[in-house]
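Common to both upcoming complexes is subunit A, partnered first by subunit B, then by subunit C.
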Partner chain A sequence: MSLRNDTKPWLSGGFGLVILASIPAVLFVGALIFFTVWVVTFSFTDLSLVGAKSVNWSWIGFDNYERLFTRRGFMESLWVTVSFTFFSAIVGQSLLGFLLASVMRALRGPLRGFIEVAIMLGWLLPDIVAAFLWSATTAENGLINSVVLGPLGFDSVNFLNEFAFPVVVVANVWKGTAWSYLLFSAALDSVPRDVIEAAQVDGATWWQRTRRVTLPMIKSHIGTNTLFITIWTFTYFPLVYAMTGGGPGRQTKVLSIFMYEQSFKIGKLGYGSAISVAMLLVVGLLAVFYVRLLKEPE
Partner chain B sequence: MKISMSLFGTAAAMALLAGQAQADVSIMYADWLADLVEPGIEAYEQATGETVDAIKLPGEGYVERVALDLASGTAADVIQMDSFVVSELASAGYTMNLNDALAGWDQYPSYMSGLTEVVSYDGGVYALPTDTDVRMLWYSVPVMEKAGIALPWEPKSWDDILDAARQIQEKTGIEDAFLLPVGTKRGEATTMQGFYMALLGADVPEAGRNRLRDWDAGKWVGDSPAIRRTLELYKTIYIDEKLGTQATNYATDVDSTIRQGLREGTMGIVASGSWENSCIWDCSGGSELSQSERDGMVNWSEWPGSGLEGTMETTNISGGWAIGLNENASDKDAAFGLLTTIFDQGNFEDWTVTNGRMAVRTDISGGDAYQSDPFLARATPLAANTTGRDTFPGYQIVSALVQQMTADILEGLSVDEAVEEYHAALVDEFGEDNVITYE
Partner chain C sequence: MSDVLLSGVSKDYGAVNVIPSIDLHIKAGELVVFVGPSGCGKSTLLRMIAGLEHVTRGDISIGGTRVNDVAASSRGIAMVFQSYALYPHMTVYQNMAFGLELARTPKAEIEKQVRDAARILQIEPLLDRRPKALSGGQRQRVAIGRAIVRNPKVFLFDEPLSNLDASLRGQTRVEIAHLHHSLGATMIYVTHDQTEAMTLADRIVVLNKGNIEQVGTPLELYGKPVNTFVAGFIANQPMNMLDVVAENRGGKIVLKLDGGAEIEAETPMAERARTLGIRPEDVVLVDSGKGPLTGTVSVVEHLGENALIHMTLTGGQEFIVKVDGAPDLAIGAEVSVALVPGRAHVFDANGHALREGDTQVA
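Up next is the complex of A and B:
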């Protein structure tokens, strides 16, 4: 008698138990659908957080959606968000993660452990702590000015004032590279060593081996990584908000901060809902694009 | 049996949690008000034997948190709130009309009537004010001395402020020579300590010419010479002459950064309010420095008007915080009992004087402790020439739009463009009929 037949999973004890066990999943999916429907519904209203319109709201059709394009704010923040996602996630985290994973494969011993811990620390550190750390590092009397620029005789630079966007991009690259590094490390481990060696014997250079052998073999991992970090970064809030509050001006006002301000600072929940729906659509379109890209040709 | 044991364990844990959470009355307040609220809670618990669920929250984002909790039905029974949201919350039916309850409290007649108006809506009092305030220009004394500016510094116009800031930058190299609160991250500070203080002195004080709302016409002011002049002032400070840095207004911890700058003499002039007399040193009123020692390091002057003909010589606007009750409080009598215990004369007077807060009650302002405080004696006369926010429902939105309008200037928009955006947003929100333009 096989082990399969011997074992009686406790869940197969009866239909009632299955129903009971599925309740959490039903609740979870139900909550997701409920909140999505709530947001879509109220995006067609002038619902406010406080005041009379928080109780007596009205249907206003597509006005909120029209304002996304006719009033300043949404398009500017969309551009900031796309740039932030492209530079910090797709270029920064992916590229750096891949390069680190490639280099570290050849490295053994305590140095590798040390570097890996350092990479992981950025990921594990809470966002608010990381924000304070980067603010202190880039402040006029901060680490870079007092340890690097000052001793070299340069005038001190207020980085968050002069270069707010590049600073939050670098901070997010530092914060999020660990994920890409881990994923690419696992992906590179899955590439058979004999294939690489065969290419080496055939005289392929490091670049040729990477481009023609390694990258095609980990294509699906690249796609998965890009999909995840795009979604995360596109809706990312705490690090940027704590570092700059979206400013100065709108320089770092990503869509999540714009949506937060409109919904909870100004109190326009209807308009905030429309921004959320627009964000959902953009991320959804990007996800579809990536998934199609990942599909192997028939 | 295993299942029944684990079920029993879960039930016991839940019962324990429920027991912990089941206080008789709950209160939410910002951490900086703990010195007033917590002795009140202790006294209430001792007097009644009831337990209080105290929810202490960070000051940053507190106003938004209160609105969100009330809207979602999860707010505490007793709620500290910024006075500018009192009418908004009352108009939504979230907070309780206290008129009947206050009629039976013997200490209520001591509240100054002008200040209870700020926390009233449609004839009802919806909260009790904790304090009021005035606004001024704080400056670092060593920085002024180094810049060769005569002390005490007494600017008479905006040009005097700008000249002092130019001199500070030239002589000391300090980047934040004049910090006028700007942008969205500073929230209400941008509107009150920054924009409105300038706006009041930017045009003659007639109807809505120097305000955000024309009360006679019952409309929000969408465009006026005063709004444009105030934005020009921002443009001069942050864009044209860079007398202050934009980034300081968006720092990770803005208030701490600014207070440290004033204490350490790395900032020149900062527009803020009377609470800074304690907060620059220790917001809980725990500074060991005497008033004269503080004055020797950081001092203040009144905000002058713009200097244009017919405008006010000095300007001021007052706000303050308040504590009210949730309309859905489970035990309204208990909640009101906690409220009056917190505001009991002894506790309230201690907090007011120790923290250098401006009194809202005559029994406190007339007391020896208050009268003999040198800072309060100097600052209180400023309240004679003050005004209040336009606390009409919708103010919170207008205030947020004002903050965005100043941020638009930082972004490089012209004054015309920024005003156009502001006007359009006001019309979106309140309709063309409720927005007025002054030529």
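Up next is the complex of A and C:
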């Protein structure tokens, strides 16, 4: 064809070159698949971290998966994880992020900058530092007890012990709201001012404008946000582990902590792999659910 | 149908005053067009009437009631936005019904009103579609339909045709005129397009830098512009503005141009004239030397039914002449123009029109 450019892109030079150029991609995808296949494979074995079974492991079929349901631990942790994800991410971060984003739109000047920086700080702090801060704040001789409860004459409370789950939820809301805030700020920018004003002329109150105009218009953003924070929170490990180690008891033992303990503290790598596969399945199902939800009705 | 009264209406954005003070009475049933260049305050004024913008000082009354502190939805207005501002997630029917629904109108009543409006605007087949499945013209009809359904006392249009292509714009313009005639409602219409202003308006309000330059019927503004701004803004082709020096020769005022040309003024008020304004259509082309202004042709723009002849006068000023048909003129040819009596405008040093028996009303 005469339309063909004289200077060929170098990639069209030949088959060998194409293969050469695709090596990094193949390696990358290969590594991803390798680890998944590794985990799936060993979830059907009794591989251990140490001892005889770390070398002479054997196939045990679906035993590990059976244990997920018959032995104590997995179902309890699944429930903790689902509650943790629901309260700290889907309700806490999403709702707070959206409310902050809507309120801050009306705000201009230094106050807005100050609040935005404050929101970001939680996000930017390393998980371990954040965990330490929250422990120090809520401990028996921590900030809340010595500054608020003490002067008011109350006995000091070890929040991390007595209200472990709520404290962890609040800490994660504090830590992760910045993401939802940013995403919803961008989403609200995509809603034309005219449309909101038209609703105002039509007689919609702030709540009606939000519920019947704004929210439906940013539906896809809500879906994307929920998808992301669900995946992140469902597999979230460091903040919770550093604050409570999963305790007291099983109160804050999310699946990632449970998996870590089974694999590396107790040393049952095979069982740990089965837990990982189960987590993958749950998150995968949730993702499919959200993506379905996002589809525009025709 | 209600009148709208603005008295001393002023708007500040922070420390910046964008509208100093506006007094205007829009009569019930009238279609008034706010026209002016970008940033003249016309949209701000409309938005203040709508209740979407706070009034800094002064009062706005609709139908005799002061509405400064009344919410937009309770003012009895409906607004058509430049971007149409349809709710993208609702069907055409839902878009039009939304306001009534919020007002808890019975379902049967909503259905009737929406269908009626849809019939007027010929959008009945589109009622189940979403805005993204509509063309620009159809969207604009839906936006107008949404306004009609509210049965407002005053319709507000904010540059409603700007996003349409030229042919659709002409068509929709005629439809809005029809609508005004059949509904008999008060309408306020904002545009920067003087053609829309001329063709639609009962009265035009020309705005510049937040001030009203002139209020009048389209023909008043065309025939008797009060200043050079209005003269330049109202008309398809801007008025030719020539710098002149006035000289009193025994009671006759003679206006002298650069290059030696002289024109005898028709009014003794022209003694203070600094600018002579002549519309391109208010002159006739004559053989060289047969008229007071002479120059050479620089460009001829043929528009079919008429043509614009750009010429450079002997004094160096540019001058445009509009002639019927397709004149056979070579570039560089020397021609003269003669003035149509009674059609020239003279302005003083401040740009104000000098006209006999005129009291300047703004």
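Everything that follows uses one rule, which is that the second predicted complex is superposed on the first by the 277 of 298 C-alpha atoms of A that agree within 3 Å, B and C clash if a C-alpha of one lies under 4 Å from a C-alpha of the other, contacts with A are read in each partner's own complex, and residues count from 1 in each chain.
Keep this in mind: a residue touches a chain if its C-beta (ideal position, glycine included) is under 8 Å from a C-beta of that chain, and two chains touch if they have at least 3 such contacts.
Keep in mind the model is a prediction, meaning the values are calculated, not measured.
Chemist: After the alignment on subunit A, I want to confirm one thing: do subunit B and subunit C clash, or do they fit together?
Modeler: Fit.
Chemist: Who touches more of subunit A, subunit B or subunit C?
Modeler: Per-residue touch count on subunit A favours B.
Chemist: For A:Asp194 in the superposed arrangement: first (subunit B), second (subunit C), both or neither?
Modeler: second
Chemist: Answer with first, second, both or neither: which of subunit B and subunit C does A:Val55 touch in the superposed model?
Modeler: Touch partner of A:Val55: subunit B, not subunit C.
Chemist: After lining up the shared chain so the two structures overlap, which partner does A:Glu261 touch, if you call subunit B first and subunit C second: first, second, both or neither?
Modeler: After superposition on chain A, A:Glu261 lies in contact with subunit B alone.
Chemist: A:Glu140 in the overlay: touching subunit B, subunit C, both, or neither? Say first, second, both or neither.
Modeler: Touch partner of A:Glu140: subunit B, not subunit C.
Chemist: Go through the superposed model and pick first if A:Phe132 touches only subunit B, second if only subunit C, both, or neither.
Modeler: So A:Phe132 only meets subunit B here.
Chemist: Looking at A:Met104, would you say it contacts subunit B, subunit C, both, or neither? Reply first, second, both or neither.
Modeler: After superposing on A, A:Met104 lies clear of both subunit B and subunit C.
Chemist: In the superposed arrangement, which partner chain does A:Gly246 touch: subunit B (first), subunit C (second), both, or neither?
Modeler: first
Chemist: Once you lay one complex on the other using chain A, what is the shortest C-alpha distance from subunit B to subunit C, in Å?
Modeler: When the complexes share the chain A frame, the smallest subunit B-subunit C C-alpha distance is 49 Å.
Chemist: For the complex, give me every residue of subunit A touching subunit B.
Modeler: 48-52, 54-55, 67, 71-73, 131-132, 135, 140-141, 158, 160-161, 164, 242-251, 261, 264-268
Chemist: If you look only at subunit C, which of its residues touch subunit A in the complex?
Modeler: 50-52, 71-74, 77-79, 81-89, 98-99, 102-103, 146, 150
Chemist: Quick check: in the complex, which residue numbers of subunit A touch subunit C?
Modeler: 192, 194-195, 197-204, 208, 212-213, 216-217, 219
Chemist: Using the touch definition up top, name the residues of subunit B that touch subunit A in the complex.
Modeler: Touching subunit A: residues 64, 67-68, 70-71, 85, 88-89, 91-94, 175, 183-185, 187, 245-253, 266, 393-394, 396-397, 400-401, 404, 407-408, 410-412, 421, 424-425, 428-429 of subunit B.
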